[in-house]
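There are two complexes below, and they share chain A, which is joined by chain B in the first and by chain C in the second.
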Partner chain A sequence: MYKDGEEMKTIIKALTGNGAAAYAMKQINPDVVAAYPITPSTQIMEDFSMYHANGLVDSDLIRVESEHSAMSACVGASAAGARVMTATSSQGLGYMFEVLPVVSGLRLPIVVNIVNRSLSAPLNIHCDHGDSMSARDLGWIQIYAEDAQEVYINNLLAIRLAEKVKLPIMLMQDGFITSHCVIGVDVLDDATVKKFVGNYNPEKTLLKDDITIGTLALTDYYFEFRLQQIKAMNEAKKEFIKIDNELNKIIKHSTGYFEEYKLKDAKAAIVVMSSTAGAVKEVINDLRSKGKKVGLLKLRLFRPFPYEEIKKALKGKKVIVMDRSISLGANCPLYSEIKNSGVSNIHSIIFGLGGKNIYDEDIKDIFERALKNKLKEIEYIGVRE
Partner chain B sequence: MNIKELGYKDTKFVSGHRACAGCGFPQIVRTILNSTDKRVVVANATGCLEVVSTIYPFSSWKVPYMHSVFGNASSTISGIESAYKVLKKKNKIKNDIKFLAIMGDGGCSDIGLQSLSGALERGHECVYVQYANGAYQNTGVQRSSETPLLSNTTTTPVGKVHRGKEEMKKDIVKIVAAHNIPYIAQASMAFPEDLSEKAKKAFETKGPSFINVIQPCVPGWKIDTSINIKLSRLAVETGAWPLFEIENGKFKLNYVPEKLKPVKEYLKLQGRFKHLNNKEIERIQKIVNKEWEYLKKGDFWGAREY
Partner chain C sequence: MKLKNFREIKEGAVLEAGTSIENKTGGWKTFRPEVDFKKCIHCMRCVIYCPDSCIPVKDKKRLGTNLNYCKGCAICEEECPIKCIKMVRK
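Up next is the complex of A and B:
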């Protein structure tokens, strides 16, 4: 770890979001990686395969025949004592679905990069959060990244967090917008990453211990298993901050559960996740220069959800929650949670489904109407009736 | 290994499980596990074997065992075997370990077929075993693709119009053989030395191996609890379940009686075939005869005409 005042050993690399995920995976050097292609996450596995082909990682790379098998192989490898990672999007996550609660139920610390893409039908390869949101109640920690830089640090953080609390983690980034956009990313040197993630030494594994994993537990024990998971999730919330702080000492980019952008004195605040936060910041700068008190809360940690902290940060503000996914027949996922945290003056904006663009003017208009009390409770942006 | 040696060995699959009285798989599992002295890690698909042997907080398994879901025993073992290779290279694991993926006919030939095929193609070194009881027994005897022709199951019931399962059994061994893996065998618990020898060979095979073992099921086949071995024997003696091996592509019949017994002797002890009339029994007999002719000539692959 770096001492105060010591210079950080980062260099800047031009990376896409996918490239940043693959680069972090290369440095983490997992024991086993399962690979199956799907747009827009494919490049993560292609880059990683190249690292593998060039002997830059020690990982066993399993080129499975489906995502169901990708996640199944990850489960087996993780139970055998390996550090395990994979990546997917959309239908691929859907194909893994059956195995996802097995991973969390068995308390296996698998880390998956999810490049957000809308779900079929209609078939669409562009970004919305419908895929990962549909998996939000399966016992996985969920962290959303704004850009390739956050993708990189989230991968490092996730390995530590998953193994600490024995829960799997999904790391989200926006399909194409983040995954295919090149930016300068501060990266650490390999040795520092190696030291930060440390070795994985699980207490019991299939290869060393005569254990039975994946039992049948009926009315007499099932609930108890679930309670353990609930406790682990609560623990994950505390550990997230600790590890995030530790990471901040070696690479300055992490922002806790959420980033507050000009939020303190804001009258109206947008709450949003992932790449859209970048556009919102631009608009805030513009509106602030005109004297309008607007701000942003960009959420990183969606599961476990930091209710109290969010309530405190948004106290007394007009809150506009922007969801890039829907829950048909109910409130949108992010909006629901913000509302649940006890925020009262609140609006729901639905945008960007299937990759539909949102423009600065849209965001500006939302802020301005919010300040004039002209925003409806629920609004859809950029869609034809 | 002879039957006495097998019997006296410490068992790695112990009593206390809740399989039906007279169920065929406990002996099969015990025999296979006792056919190697190496450490074995097991992956098992959802199904009767899993459900009766791992009721928390108990387990019948004295070896490391993992169950995940119904259709993924083969991909689960892929991951375990991959982890083994890496951790061994990194010197974190020192001893030699063998792998067993064991599945019912549903978990192997139906919902798990893709996962099995992927694992075989990738070459994960493991013994893949189908315990073939010919239906989804755990959920109450629904037909699988491995259910024999004209069987009465709860989804192919015998009624006024339909007479049980109207389709032929899927030939899983041929599907597996098409993956060109080094060792494949078909076996029966009524021939324990043969089964054990095959399991031993399979564990010693470099690369994937596959064993298809017939397993009588008491409620599924509607049979007496005392006759699972008798039926396992009759299946072989009538030619309904030939014993064979395919070693590096070479086919060999392991049991060739002077004359096959009539298949009726095998069918008549089973309630699932109780409804069969003479014509239907004759139809099954013809199919068995024809298949036996081919196999006796060593013709495993040739086109079939029934």
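Up next is the complex of A and C:
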């Protein structure tokens, strides 16, 4: 579709993470958006409502009375053949929960922007990944963004990917850290985005065809439908990389399943998702200037999980997995998956729950102790023990 | 009946419309309604209230309940203003 060497048509816009999500939604111009506001994702819908009020989008904007209704309205619209998007955070995602496996089970390609915020109680509005991690096994593709730039490209990617494999997608960004900080974001012009995302042409829809959706499948067929979803997830992994490569030709910044930062020759490597990767890169630059071989693997695609690729990238290194969420009574989500991929020399760091800050010195200390073999198997950073 | 494998079924369990006609659910009931047509005034209350829409109507008269779908809920008996519907054991 796009020739190599063709000049890229990007301009730089000052956008927050929320602003980048809303701007991408404006350019995608979905048929239906149904949402209910919740901190810190509220600004996505504020911005989108403004685009809607100013006539810049053709979308039907449904103002519902709860997140359960928001996702339910999305289900109806998507089944009717519409391209559908929404946004939420934390307890809002919690309130959507009942509908989430319905969306994936019905194979509706709904894209939701989730601005990560810790779950209640105690009540907290700041970032950790507890909300999206609790929804990781519901048949949704999950992509995590480091900054507003990635939020923007992930939205474009997600529309194509969801509709290709008929699976819904959650797009994550860190609450406040990413969602409320302004950075310069390379954005494409509207026409290029329109060409890239194309039109949504589902095989069968409630509006055009005589079909029944939401049917019953008991012991005779339920497992078979689940097997279809397993296969679709495997397919999603292949399609993700194809669409990501295509996107990279029109706007740089795509890095595949994960970004490797000075990882090739690193002796110790941190694995982390979302905004913390930025701080880790700073520390790596500092330590590298002192001759210490450290690196980063920043994961983007969490579901489906790229086990083999990660195992290959981390081979022979001391690996430090940093989780911003916990699985109470078990190993942390990201740590468990990295361990499952067959990495042996591995440590678990838990940090930043409820938005607790992590500083460059903390990350520096982790790297230095790891290089001296003084890191425990599981450590909590930033908590008063 | 030979069951289909996962490749042969429609993604998202989407079916053609109208499967509720094929699926005869009347076997669930314990009681069935019996109408005394000598008394019935054809007010259509039972027709409107029937949650399964299984009371057919022809020439402004209600006919016998379609027992293929009637689940014996007794709402027609409850709503009948002249009490000409009685629930009896199946």
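Keep in mind that, in the parts below, the second predicted complex is superposed on the first by the 383 of 385 C-alpha atoms of A that agree within 3 Å, B and C clash if a C-alpha of one lies under 4 Å from a C-alpha of the other, contacts with A are read in each partner's own complex, and residues count from 1 in each chain.
Heads up, the rule we're going with is that a contact is a pair of C-beta atoms (placed from the backbone, for glycine too) under 8 Å apart; a residue touches a chain by one contact, two chains touch by 3 or more.
Everything numeric here is computed off the predicted structure, so don't read it as measured data.
A.B. asks: Which partner chains sit in contact with A:Ser344 here, chain B, chain C, both or neither? Use first/second/both/neither.
C.D. replies: neither
A.B. asks: Looking at A:Asn373, would you say it contacts chain B, chain C, both, or neither? Reply first, second, both or neither.
C.D. replies: neither
A.B. asks: For A:Tyr221, is the partner it touches chain B (first), chain C (second), both, or none of the two (neither)?
C.D. replies: Both: A:Tyr221 reaches chain B and chain C.
A.B. asks: With the two complexes superposed on chain A, say which partner A:Ser289 touches: chain B (first), chain C (second), both, or neither.
C.D. replies: neither
A.B. asks: Which chain, chain B or chain C, is in touch with more residues of chain A?
C.D. replies: For chain A, the partner with the higher number of touched residues is B.
A.B. asks: Is A:Ala34 touching the first partner chain B, the second partner chain C, both, or neither of them?
C.D. replies: So A:Ala34 only meets chain B here.
A.B. asks: Kindly classify A:Asp210 by the partners it touches after superposition: chain B alone (first), chain C alone (second), both, or neither?
C.D. replies: Both partners, chain B and chain C.
A.B. asks: Of the two partner chains, chain B (first) and chain C (second), which one does A:Ser59 touch, if any: first, second, both, or neither?
C.D. replies: A:Ser59 contacts chain B only, not chain C.
A.B. asks: Taking the two structures together, which residues of chain A meet both chain B and chain C?
C.D. replies: Looking at chain A, the two contact sets intersect at 106, 210-215, 217, 221.
A.B. asks: Using the touch definition from the top, list the residues of chain A that touch chain B in their complex.
C.D. replies: Residue positions touching the partner: 31-32, 34, 58-60, 62-66, 68-70, 72-82, 84, 98-99, 102, 106, 206-218, 221.
A.B. asks: Within their complex, state which residues of chain B touch chain A.
C.D. replies: Those in contact with chain A are residues 41, 43, 50-51, 54-57, 59, 61-69, 71-72, 74-87, 89-90, 92-93, 97, 114-115, 117-119, 121-122.
A.B. asks: Spell out the residues on chain A that touch chain C in their complex, using ranges where they run on.
C.D. replies: 105-108, 166, 204, 210-215, 217, 220-221, 224-225, 227-228, 231-232
A.B. asks: Using the touch definition from the top, list the residues of chain C that touch chain A in their complex.
C.D. replies: By the definition above, chain C touches chain A via 3-6, 9, 11-19.
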